[in-house]
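Report on the following structure.
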Amino acid sequence: MGYFGVVGGDRRQLYAARSLEKRGWNVLLAGWEQGEGTEGLHQVSLEEVGRQCENVLLPLPVTRDGLMLHAPFSQAPIPLGDGFARLLSRCRVFVGMAEKLQATSSLWQQIPLLDYAAREEMALGNAFLTAEGAIALAVEKTPGGLWGSRCLVTGFGRIGKALCLDLRGMGAQVACCARKPWDLTAIRALGCKALTYEEMDGPYSVIFNTVPAPVLGERALSRQSEGTVLLELASAPGGIDREAARRWNVPVIDAPSLPGKYSPKASGELIVEAVYHMLHEERRNLQ
Amino acid sequence: MGYFGVVGGDRRQLYAARSLEKRGWNVLLAGWEQGEGTEGLHQVSLEEVGRQCENVLLPLPVTRDGLMLHAPFSQAPIPLGDGFARLLSRCRVFVGMAEKLQATSSLWQQIPLLDYAAREEMALGNAFLTAEGAIALAVEKTPGGLWGSRCLVTGFGRIGKALCLDLRGMGAQVACCARKPWDLTAIRALGCKALTYEEMDGPYSVIFNTVPAPVLGERALSRQSEGTVLLELASAPGGIDREAARRWNVPVIDAPSLPGKYSPKASGELIVEAVYHMLHEERRNLQ
Amino acid sequence: MGYFGVVGGDRRQLYAARSLEKRGWNVLLAGWEQGEGTEGLHQVSLEEVGRQCENVLLPLPVTRDGLMLHAPFSQAPIPLGDGFARLLSRCRVFVGMAEKLQATSSLWQQIPLLDYAAREEMALGNAFLTAEGAIALAVEKTPGGLWGSRCLVTGFGRIGKALCLDLRGMGAQVACCARKPWDLTAIRALGCKALTYEEMDGPYSVIFNTVPAPVLGERALSRQSEGTVLLELASAPGGIDREAARRWNVPVIDAPSLPGKYSPKASGELIVEAVYHMLHEERRNLQ
Amino acid sequence: MGYFGVVGGDRRQLYAARSLEKRGWNVLLAGWEQGEGTEGLHQVSLEEVGRQCENVLLPLPVTRDGLMLHAPFSQAPIPLGDGFARLLSRCRVFVGMAEKLQATSSLWQQIPLLDYAAREEMALGNAFLTAEGAIALAVEKTPGGLWGSRCLVTGFGRIGKALCLDLRGMGAQVACCARKPWDLTAIRALGCKALTYEEMDGPYSVIFNTVPAPVLGERALSRQSEGTVLLELASAPGGIDREAARRWNVPVIDAPSLPGKYSPKASGELIVEAVYHMLHEERRNLQ
């Protein structure tokens, strides 16, 4: 099968590396000198990855600061830029958030870049992992139980859908707020209570926010009870009015990037699946 | 409604006290001097509880060592025995595991004792809370995800049933081992895979043991993969051969008394519900 | 494997015969001269069944009138009594509702009789088939849909449990009436609304009655809407006050013995499974 | 609220009329002279509908032959064309499949036409009604049961999704064939078995086809058992190779337009909901 380089990244990449190895690739790690659980994987230099590997996997996100590769377990920081690009110029590069990489060097225009983070199957699989993590947090961080309790999900995107399904599946009484008429229909079709944001009521035991826009403000929070807990699942700035939450004394639990935190293995396998889908499509297109 | 005494116990009793207060009782706490979250509740002496309260709630379990009341938040240990019994001799006493109390003084034969721990609705509600806690642990302690993964539940008692329902509801592929032919039928009726213990296969991502007898031994463990994780939910000695688990290098997570740990509020409300059911039945019997 | 006789009965017995054949038995049919779908099965006389077969399967129920075998597809009626018993005196006889057979001849006291209808796995499997049939009827006979609609189940026995699970699984808003406190807890644990019979409300789109005692009377029916439909699943006299239903103009659909009607094959396989369980237990007891 | 005309159509339109009346509209029926269940609704001439009604509801589909209005309960056929359009020229016209109406007269270009059949909430709600109808058919037309049985769904569009959810919810072992990688992920996330069309296996008890392209051919059918039943839910020509089905002696049940057949009331309410959404959006746009 040839050589697959895995450069930098967090535990998800490590599990991706293991999964690639299982599928028969010779995996070469770079930027993992200080990582645990790398036993049995070949650690080489970035140069060697560039020389030997037809395919290379870069992190998700590929960079946090726009300058260095996201490589928390690397001995030394790995600067992006022309030099880095030149090293991988003969590889097929799989990356999370390609645009961030392209911004670091014009050379990337000549290198085949495939963005796995842009794949729907990644987003969808991670949404279900996020829902699982959110449910685990709700169980651990709140003194109540889920079964028979009233839960509210704000938003019916991928994560909202997953939460409605899972919470209902665990015996909660689920309500979900959405804007689109067809989402309201789908929510009811799942046996949940459909609400527009104007209709949002209370009190609920747990409120799971998935909307990155202000949907949980004064009015909504004023209708909750002392026991209510808010879970913020949306990316910053989220959808919760922190001031109002404090005023109404509704605790907020921040729950960012749960898949990486609780399900790095499942996440890594989703990455590898996406990579394989992209390889197949490429092959198909070549034919 | 009169006075209700809550003597000793852990956070479940405190939530029970809050719930009783909400239902209109004057609640008197004893043995809670060092407990947090008692604001607004009257703390009195055990003597006063005995004097004032028609009804008294004792802990679950009422004692761990057979000598002292289970009262982790009490300033001083509360010895059981004739003295303790005499103080409560004019009360209706609700207790978890009555036989343990009766063993401490013959006087209890003259005092109306009602055991809420023996109630089916308590056992059943706690089984679903246990399943939620086990799922939360599985999400947090294992790098994989639940959806689409292969999970095995051993035993189809209350907790096994709850796990089959919840795991299936979260999109896992659930298999369950049971002995009784009708349990195997019920397992299939839930859309799960029914196995006798002889048919137990593998590998599974997570195995939830609910059987307090040796069901997960050499043979079963030899069929699991490196990734497999075992959750021990059964009371000691549990059902897992620890030696074999070590040999086959399958990690075991001990998860005892999850409701008290993750759902003290829900648990406390189950206690109060059971108490109410017993009060109603008593009233009915008097008529 | 030897010879297995199948004498009389409806389509369930025919499917049972097929299933026995698949499992390797030589099946001999008697009392099926006018039945369709018997191709390839040996039809013999009752005498020959008695001579050749170690095991014999009798219908469920074995008789309707207490005099003749329940054999709707037999050319001639098959009278029960000493003669019939004598013919099968050297067989192991599997029967549905043994007491009805025993009442026809004292000889049965000397013949090994095993009642498959008394097996819990039969009752449980048929309860889930009944729930499926009831749901099919609700879909076909009512102009509304199930998803998002309000459904009421009266009774939380085997059939009530199955209905709560299935209806919830199809996205209905399910309420269930029960008497026992622990049943109310279990109903809530399934994500359904738990009601005592006193709390029964309305209006509901469909009401599934599983209780063979008057639970749906004036008061309950007065709370329904014009659109409401009642399904009577309980054995006669059922739980619906027909007079009140007429007065309140709530249509009643009678739905007796649905498994035999809609799922004879599944039902027949449940019979064979029960037969096998009884054979195994007998063997175990002999050891 | 003013006057709402309901012209022609089948039972769905009649239920829509009832629903509009409940919401406070004065409903005028035309083309319903021979319809049952019109009691209490005003039947008027088409001319009067055009004169009096600000809003008019036309059937779904508005026409079958392109010449006459779809009005099975009308005394006389209602020809489409300039004359018909002129009569409704001062109304806001809600119609199913507007393009078919526009093809009958150029005058429609000047008349506000709103197509409720094109609304996502209609398609989605009907998909869940279709799934319910398909399940009812599977229960009634096949001798087996659903719980514990192996069911295959081909296609993961709206109807496929609804079937996966409902069948899983009823305890079936569900597999689903899809093409898109993210659909395969979603199928697994629902706890179902995901298959590409190449991986399609067997035997299954029931196969629900939702794909209007040849997906169930020789190869797929050759893997089924005698007991297998095919349900054709896709619009003509469907996805089943009838020749192959005959050869392999797999019965095919045609199940077209189930919502209109089994759930005219639910369907009619979906139409009214869509109409209301369109009215609101129009109002919003005017502001």
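As written, the chain order gives the labels A, B, C and D, with residue 1 at the start of each chain.
Here is the rule we use: a residue touches a chain if its C-beta (ideal position, glycine included) is under 8 Å from a C-beta of that chain, and two chains touch if they have at least 3 such contacts.
This is a predicted model, so every value here is computed, not measured.
Common neighbours of subunit C and subunit D under the contact rule above are A, B. Path length between subunit A and subunit D in the touching-chain graph (shortest route): 1.
Residues touching across the subunit B and subunit D pair largely coincide in numbering: over half of the numbers involved belong to both copies. Taking A-C and A-B together, the pair of chains sharing more C-beta contacts is A-B. Chain centres were defined as the mean of their Cα atoms; on that basis the chain farthest from subunit A turns out to be C. With centres set at the average Cα position, the gap from subunit A to subunit B is 35 Å. In whole angstrom, the spacing between the mean C-alpha positions of subunit A and subunit C is 49. In subunit A, 128, 147, 165, 168, 170-171, 189-190 are the positions where the chain touches two or more neighbouring chains simultaneously.
The part of subunit D that touches subunit B in the complex is made up of residues 147-148, 168, 170-173, 188-191.
On the side of subunit D, the complex with subunit C involves touching residues 11, 15, 128-129, 132-133, 135-137, 139-140, 142-147, 149, 165-166, 168-171, 227, 259, 262-266. Put simply, subunit B touches subunit C in their complex at residues 119-121, 124-125, 128, 162, 165, 180-182, 184-186, 189-190, 270, 273-274, 277.
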